[in-house]
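Encoded as C-alpha cells, the structure appears first; notes follow it.
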Amino acid sequence: MTWTDVYILRNEVLLTLLVLYHLIVDLTEGKDNGRLVNGTLFGFGLVTAVGFYPVETTSLFGQMFLSDPLRNTLKLILNISTFIILLQSASWLRKPENQPKTGAFYMLIFSTLMGMSFMISAGNFLMLYLGLETATLPLTLLAAFDKKLRRSAEAGIKLLMSSAVSSAVLLMGLSLLYGSYGTLYFSEMASLTDAQALSVFGLVLFVAGFGFKLSLVPFHLWTADVYEGSPLPVTMYFSVVSKGAALFTLMLVLYNVFTLYPKSWTLAAYLLSVTTMVVGNLFALRQKNLKRFLAFSSITQAGFMMLGFVNNDNLGMTTVVYFMMIYSLSNLAVFGVLSMVFNATGKENIEDFNGFYLTNPRLSLIMLLALFSLAGIPPVAGFFGKFFLFTAAAAKGLYILVFIAVINATISLYYYLLVVKAMFINKSEAPVATLTSTWQEKLAFTICLVGIAAIGFVSGVYDYIASLI
Amino acid sequence: MDYAYTLIILLLPLVTFLGLGLLSKRLPVALAGIIGTANLFIIAALSCATAFTYFTQEAGEAGFEAIEAYKITWLPLTDKLIIHLGILLDPLSVMMLVVITLVSAMVHLYSIGYMKGEKGYTRYFAFLSLFTFSMLGLVVATNIFQMYIFWELVGVSSYLLIGFYYQKPSAVAASKKAFIVTRFADLGFLVGILILSFNTGTFEFQTLTSLQGPVIGQASTAAFMGLSVTTWALLLIFMGGAGKSAMFPLHIWLPDAMEGPTPVSALIHAATMVVAGVYLVARLFPAYALSAPDALTVIMYVGSFTSLFAAVIACTQLDIKRVLAFSTLSQIGYMMVALGVSGYGGEAGLGYMASLFHLFTHAFFKALLFLGAGSVIHAVHSNLMTEMGGLRKSMPVTHLTFLVACLTIAGIPPLSGFFSKDEILVAAFEHNKLIFAVQWLVAGITAFYMFRLYFRIFWNQTPAYHHAPHESPVVMTVPLMFLAIASVVAGFVPFHDLVTSDNKPFETAFHWSIAGPSIAIAVIGILTAAWLYARPSLRPDAISKSLSGVYTAAYNKFYIDEIYLFITKSIIFQFISRPVAWFDRHIVDGTMNFIGNSTVAGSAAIKRMQSGHVQLYIWYFASGVLVLALLILYLN
Amino acid sequence: MNPLLFLILIPVLTVAGIALVKDLKQVRVISAVGMGAQLLFSFYLVYLFYSLRNAGNTDAMLLVSTSTWYEAFNIQYKFGIDGISLSMIVLTSLVTFAGVFASWQVDFLTKEFFISLIILASGVFGFFISLDLFTMFLFYEVAVIPMYLLIGIWGSGPKEYSAMKLTLMLMAGSALLLVGLLGIYFNSSPEGGRLTFDLTEIAKVSIPRDAQLFFFPFTFIGFGVLGALFPFHTWSPDGHASAPTAVSMLHAGVLMKLGGYGAFRVAMYLLPEGAHAMAWIFIILTTISVVYGAFGAIWQKDLKYINAYSSVSHCGLVLFALLMMNETATTGAILQMISHGLMTALFFALIGMIYGRTHTRMIDEMGGLMKVIPFLSVVYVIAGLASLGLPGLSGFVAEMTIFVGSFQNSDTFHRIATIVACSSIVITAVYILRVVGILLLGPIKNEHYNELKDAKWFEKVSTITLVISITAIGMAPFWLSALIREPLGDIIQHLIARL
Amino acid sequence: MNLQAEIPLDYMIILSILVFFIGLMGVLIRRNLITMLMGVELMLNAVNINFTAFNHYLFPHRLEGHFFALIVMAIAAAEAAVAIALIINIYRQFATVSVDDVDELKF
C-alpha cells in the first residue's frame, strides 16, 4: 500500500482514525466533554474539508474499491450532513446523562459513516455488503443509544430484527445474482446482458434490501418507530445520512451494474415510487409527534427520489443526487430546530410549536424555509430538486407517474403547512420560551440555510453534479 | 354651416355634473341650483339656435341632410365595428335637443324652488346634470352603440334620481326595480345590437338606415323561427325601447319611479327618458319599416294594448303622480301605435310624423302636469287625491296651468295635444280600424281620468289641511306658465315640414271626420268626470262597487307587479339562486371537502399497518418483496 | 441591465428595507414608498415601451433579455414584455399600491404582513415578465404560497380552513400545470433539436397534435383553477371571505389574473390545436361560471362572499372570451382582467374599510351607511356600477368588447353561449343593487353607526387610486385597447394558423 | 468423489430455499427474540449454501462465493453479538424477551 492508495482511501482512513481515537479516548475520559466535542467537531470538520480536494478516477484492490469524483462528491455530501448533525448534537451530548457516552457515540457514528463510505466506493458486491453491515450494526446500537429509555430500546430491537431480515434477503439476492453471473465485480457484471428470471429475481431482492434502508413502502414499517424511539441526533442521522448512503449506493449499482436491462428496475422504481409517496403521505397526515411526522415525511421524500430512478439516463442520476443533497439540508434544518426545542423543553409534538413564531421568530423562519423546501415551494431549493425529478420522470414519457407525484406533493404540502400553521397561526397559552442557540447550532443553521437558499438559484451546483456523471 | 359648437351642448352638463359632484362639500348650497340652471339655460338657448339654423336651411332634394357635427373613435372593436362618439344632427335629433333642453331647463328652474332646503340639494342638481348629459348624448348618437352607452347612463341617472331620498325604503326599492327592469330590457337591446352589427358590419345609424345599406338594401335571408334575422334583431332592440318606454309588460317600474322628487318625474319619467324607446324606434325607422314590417306590427299591438291598459288603471289610482304615470304610459302607447301604423316616406310616413309630433307636445304638457302636481304636493304635503280638493282658490296659477294641460291631453282644440293626437288617429284609421277604435276609446278614457284628477284636486270638497295651502313661489310658477304656453302653441309647429320619416316635407290634410268623433269622446269624458267628481258625491263609489271585480283588478294594476314579484322572489331567488348557492356549498365545495376528508379517512383506515409489532413489519416486508418480484417478472 | 429586472428588484429591496427597520411607521412608509416607486416605474415602462415602438422596434416582445440559467434543461432567465404583459404590470402595481394603503392599519405583526404582501406582489411581477415556462411557473408559485400565511395569520373567520383550502386547491392546480408544462417542454422540439422552455421558441414549432390534446386540459385547468373556472372555484369564496383586506385585493385583483393570462399565454398560445379541439368543453364550463357565479352571488349575505361569487362570474367571462379565439374577444378578455382587477380590488378595499367600522360583513345587519360614511359609500356605488357594466367605467368597455367579439363566431353554439353570458349583466345588476340597497341606502339600522367616521387619508389614497384608474379606462379605453391589441394580431393569427 | 454427479445443483438450491423459508418463518412466527435471531441465522446460512453451491457447481475457477460465505459467517457472528446486547437491553426495560410486548411505538 502506497501513499497514493492512502490518498485514494483518505476518507475511510481518516474515519477509521477517528474511530480509533475515540476508542482510546473513551477509556481515559474526564468529566467534562466540552473539549472532546469541540475537538471532534474540529477534527471531523477537517476530514470533511479534505473531501473537497479533488480525486481522479481510479480503483484499488483489483477494482474492489472504486474512487472517482462522483463517489467523492457523494461521500462529501454524507460528510457534510454528518458534520451538521454533529454540530447540532453538541448540546445534546453536553447534557450530563450523555457525557459519559460521548466517545461511544462518536465512535459509532464514525464507524457507520466509514461503512457507508466503503459501500459507496464498492466495486464488488462483497465490498458493498461489508460496508453495508459495517454501517448497519452500529446504527442499531445508535438507535438504542438512550439505553435508559424504553422507546430507545424498542427502536433498537425493531431495527435490528427487521434489518437482519432485510440483509438476509439482500444477501439472497446477491447469491442469486452471483449464481447467474458467476462474478461479483461490478465491471464484469455490467457487460453481461443476461436478463433471465433468476437474475431479475435477484435484482428485486437486492432492490428490496436497499428499499428497506431507504424506507420505501412496503419495506418502510420500521422507519417511524425507529425514528421516534431513537435519540434525535440518531434520527437525523437515519433520515439523512443513512438514507443518503443507501440511495447513492443503490443508484450507483443500478445505473452502473444493471445498466443493460433497465426495464426491470425502472419498473420497480415506478411501483415503489407510487406506493411510497401515497402511503407515506397518508401516514404523515395524521401524525402528532414531530419526529414521527418527519419519519413519514422522509418516506414520502424517498418516494419522490424513486421518480429519478425511472429515468435510467444520466438525467435520472443527476436529479437524484441533486434532490438528495437539497433534501438533506432541508431536513437537517427542520431537525435542528426540533432538536433545539427538544433539548430545552423535552417537547416534540407539533402542537408544542403553537405560537412558536412569537417567541422564536428566527427559528420559525428557518423552519418555514426548510419545510417549504421539503414541500417543493419556490424560491427555495426544494422546488428545483422536485421540479428536476419530475422532469426526469417526464423525460421517459411517464406523465401519469408525474401527475401522481405532483398530486402527492400537494398532499404533502398540506401537512407541512400544518407545522407552519402551528408556528405562525395557532395561539398558545404557554409557548416555547425564547431559545438561544450555541455557536455550533448557528453554524449548522447557516450551512443549511445557505444551501437551501442558494442551491436552486446557483445553477452551478446542478451543473457540477451533472458533470460528474 | 359648422355645428361643432354643439359639442358644448353635450359637454356643459357633464362638466357641471363633475364640478358639482366633486366639489359638493366646498360649494355654497344655493350656488348649486343656480349653476345647474344657468347651464341648462345656456344649452337650451344653444339648442334652439341649432334647431333654428338647421330647420331654416334650404331642404335639398333629399330633404334635411343628416350632419355629423363631431365624431371621435372611442373604441375600435373589430376592423369594421368601431364605437364612435359623436354628434349626429338630423331633424329627429335636433327636435329632441330642443325638447330635452327646454323641459330640462324648466325643471331645473322649478327645482330651485321645489327642492329648497332639501338635504342633498347639490347632489340633486349634479344628478340632474348627469341625466341631461346622458339624455343629450343619447339623442345625438351617431351610432347604435353610442346610443346604448348613453342609454345605460340614462338608466343609471334615473336610478340615482328615483332613489334620491335614499333613506326611504320605498324609494330605494323603486329605484332598484326601475334599473333592473330596464336592464333586463337592455339585454334584449344588447343582443339585438350584436345580431344587427354582426350581420351588417356596422353600428352607424347612417348606414343602418340607408336605403342602400346592408339592412334594407341587402336584406339577409337568414331566418330563425320563421322570422328573418333582421326582424329578430330589430324586435330585440325594440325590447330595449319597450323597457325604457315602459311598454307592457315591462311597464311596472314606471309607476313606482314616482318615488323620486316630482321635478324628476316630470323630466325623466314623463318628458324625456321614457320616450327614448320611441326615439329609438324612430331612429331606426327605415329599417323597421322597410325590412321588418312584422316588428312594426308587434310595436303597434304592444303600444295599443299598453295605452288602453294604462288608461284603465289610471282611472282607479288615488296617488296623483301615479295617475300621471299611467297616463304617461298610455300616451307613449299612442306614440308607439303611431310608429307601428306608419309606412316609410311621404304621406305613408304620417304615423311617424304624428308619433314624434305627439312626443313633442306630450313632453310639454306632461311636464306641465307633473310640475303642477308637484306644486300641489308641495302645498299639500301629500300625494293622495283623497286628501286634496278645492285648491283652485288658493293656487290660481297652478290651477290654470293644470287646466290647460288637462285640456291639452284630452285633445281639445286648438291646444297642441289635439293636433298630435288627431294625426295619430288619422294614421291609425288608415292602417287598421281596430287599432283606431281602441285609440279613440283611449282618448275618451284619457279625458275622463285627467279631469277626474283635475276635479278632485281643484274642485270637490276642501279637506281639513294642516297648513293652509298657498301658491308656490315664483321660481316654480314661471316654469308652469312657460310650459302652459308651450302646450298651447306647440300644436302649431309645422311638423310635417320638419320631422318626417324620409326627412322630406309633405302635406297633411285636416280630417274633420276623425277629429269630430275624437273631440266628442273627449268632451264626453270630461263631462262624465265633472258629473262624478266636480262635487262630493257617492256616485263614484257606487260605480266602483258595481264594477267591483274590474275595479279592484285595475286598482291593483292588474296584478302585474305581483306576477313579477313572484318571478323574482320565488323563481329567481328561491328557485335558482338559492339552489345554486346550496349546490355550490354542498355539492361543488362538498366534493372538494370530500376529497380532503376521504384522504384523511384513508389515512385512518390504513393506520393498522403500522401496528408496532416487528414481526408484522417483517411479514409486510417479505410479502412486499414477493409481490414486487412477481409483478416485475410478470410485467417484464 | 434590463429595466424589467427592476420590477423584481424594487420589491426585493422594499422587503429588505422592511426587514431592517423596527418601527411600525417606518414599515408602512417604506412599503408605501417602495410600491409607489414600483407604480411610477411601471408608468415609466409604458413610456419606455412606446418610445421603443416609436423608434421603430417592431419585435413582438420588447426589452427582451436572455441569460442561461440551467444549461442542462435549457432553462433561461428570459424576460420581455408586450402590450398585454405591460398592461398587467400596470394593473399589478396599481393594485399593490392601493393594497399597501388599504392595510395601513394592520397592527399585528405588521412587518411580516407587508413582507409577505410584497413577496406575493413580486411573484406576480415576475410571472408577467417571464418568457420562460420554468421561471413563469416558479414565480407563479412564489405568488401563491404567501397567501397561506397572509390568510392564516391576518385573516378572519374560519381562516385556517380557508387558507388551507385555498392553498391546496391552487397548488393542486399548479400540479396539473406542472404536468402540462413538462409535456410542452418534452414536445418542444419535435424535429429532434434542443428542448426548450422558451415561450417564444416553442410557439415557433408545432407540437404534435396528440400531445396537444393530451396536455391542453392539464395546462388550461391548471391555470383555470386560479382563474376560478367552474367547478374549481370553491377556494375563492372561502378564501376571499377569510383573507385580510389587502390580500383579497391582491388575490382577486391580480393573482386570479395569472390564471387568465397563463391560460392564454401558455395553454392556448402553445397548444392551439388542443385549444381548438377542446374549446367547446371549456366554453360550456366558463359559461356556467359566468351565470352560476352571478346567481350564487344573489343569495349571499356576506359582502365578501358576494364579491367572491361575483369574481367567479367576471373571471369566468375572461376565460370565456379567451376561448372565443378572436382578436376582439381576446382584447375584451384582457380588458376584463384589468377592469375586474381594479374594481374587485376596490370592492375588497371598501369591504375591509366598512368591516373595520361596523365589525360585520353581513349585509342585513347593516343599512343606511350612505348617511354616515358618504365617501366610502359613494365609492362603493361607483365600484358597483363599474361591476354591473356602466358605461364610463371600465367594466362596460371590457364586457362589450367581449360580447361583440364573442358574437363574431357565427355558429349557433358560440352564439348561444354568448347570449347566455350576456344575461349575466342583468343578474349582476340584481345583486349589486341589492347590496347597495340594503347596505348603503335605507334607514340606519344600528344607532352606533351614527358615530362612524368616514374615510381616513390613507383609505382615500387607496380608493381614489383605483377609482381614477377605473374611470380613466372607462372614459378613454382606446389607448389601453390599442396597447393590448398591438400584439394580439400576431397571436391570434398564430392560434388560427394551425387549424 | 464427484459431488456434482451425485447431488445436482437443484437439490442444493432447494435445500437453500427450504432453509431460507424455515428461517423466515422462524422470524415471523416465534415470539422469543432469541429464537427469532436464530431464524435470521438460518436465513444467512441458506445464503451461504447458495454461494458455496454456485461457486462449486458453476464457477469453480474462482473463489468469490466461498469467500463471501466466510464473510457472511463473520458478520452473522457480529450481528448476533449486537443482537444479544440489544435483547438484554430489552429485557432490562421490558422484563421480557417476547417480541409481542415490544409494541409501544406504533401508528
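When the chains are written out, they are named A, B, C and D in that same order, and each has its own residue count from 1.
Note that in this section a residue touches a chain if its C-beta (ideal position, glycine included) is under 8 Å from a C-beta of that chain, and two chains touch if they have at least 3 such contacts.
None of these values were measured; they are calculated from a predicted model.
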Considering A-B alongside B-C, which chain pair is linked by more C-beta pairs in contact? B-C
Whole-Å distance, C-alpha centre of subunit B to that of subunit C, is 37
Can you give the whole-Å distance between the Cα centres of subunit A and subunit B? 78
Subunit A to subunit C: how many Å between their CA centres? 42
Which whole number of Å gives the spacing of the CA centres of subunit C and subunit D? 65
I need the residues of subunit B touching at least two other chains; which ones are they? 607, 610, 612, 614, 618, 622
Where subunit D touches two or more other chains simultaneously, the residues are 24, 27, 36, 99, 102-106
Can you list the residues of subunit A that touch 2 or more other chains? 157-158, 161, 165, 169, 224-225
Inter-chain touch pairs (all): A-B, A-C, A-D, B-C, B-D
Touch list for subunit A against partner subunit B, complex: 157-158, 161-162, 165-166, 169, 195, 197, 200-201, 204-205, 207-208, 212, 217-219, 221-222, 224-225, 263-264, 267-268, 271-272, 279, 282-283, 285-286, 411
Across the complex, what residues on subunit C touch subunit A? 69-73, 75, 134, 137-139, 141-142, 145, 148-149, 152-153, 159-160, 163-164, 167-168, 171-172, 175-176, 178-179, 182-183, 185-186, 214, 218
Which residues of subunit D touch subunit A in the complex? 16, 20, 23-24, 27, 33, 36-37, 40, 43-44, 46-47, 50-51, 54-55, 58-59, 62, 64-65, 67-68, 71-72, 75, 78-79, 82-83, 85-87, 89-90, 92-94, 99, 102-106
Quick one: which bits of subunit A touch subunit C in the complex? Just the residue numbers, please. 315, 318, 372, 377-379, 383, 387-388, 390-391, 394-395, 397, 399, 402-403, 406-407, 409-410, 413-414, 417, 420-421, 424-425, 459, 462-463, 466
Residues of subunit B touching subunit D in the complex: 607, 610-615, 618-619, 622
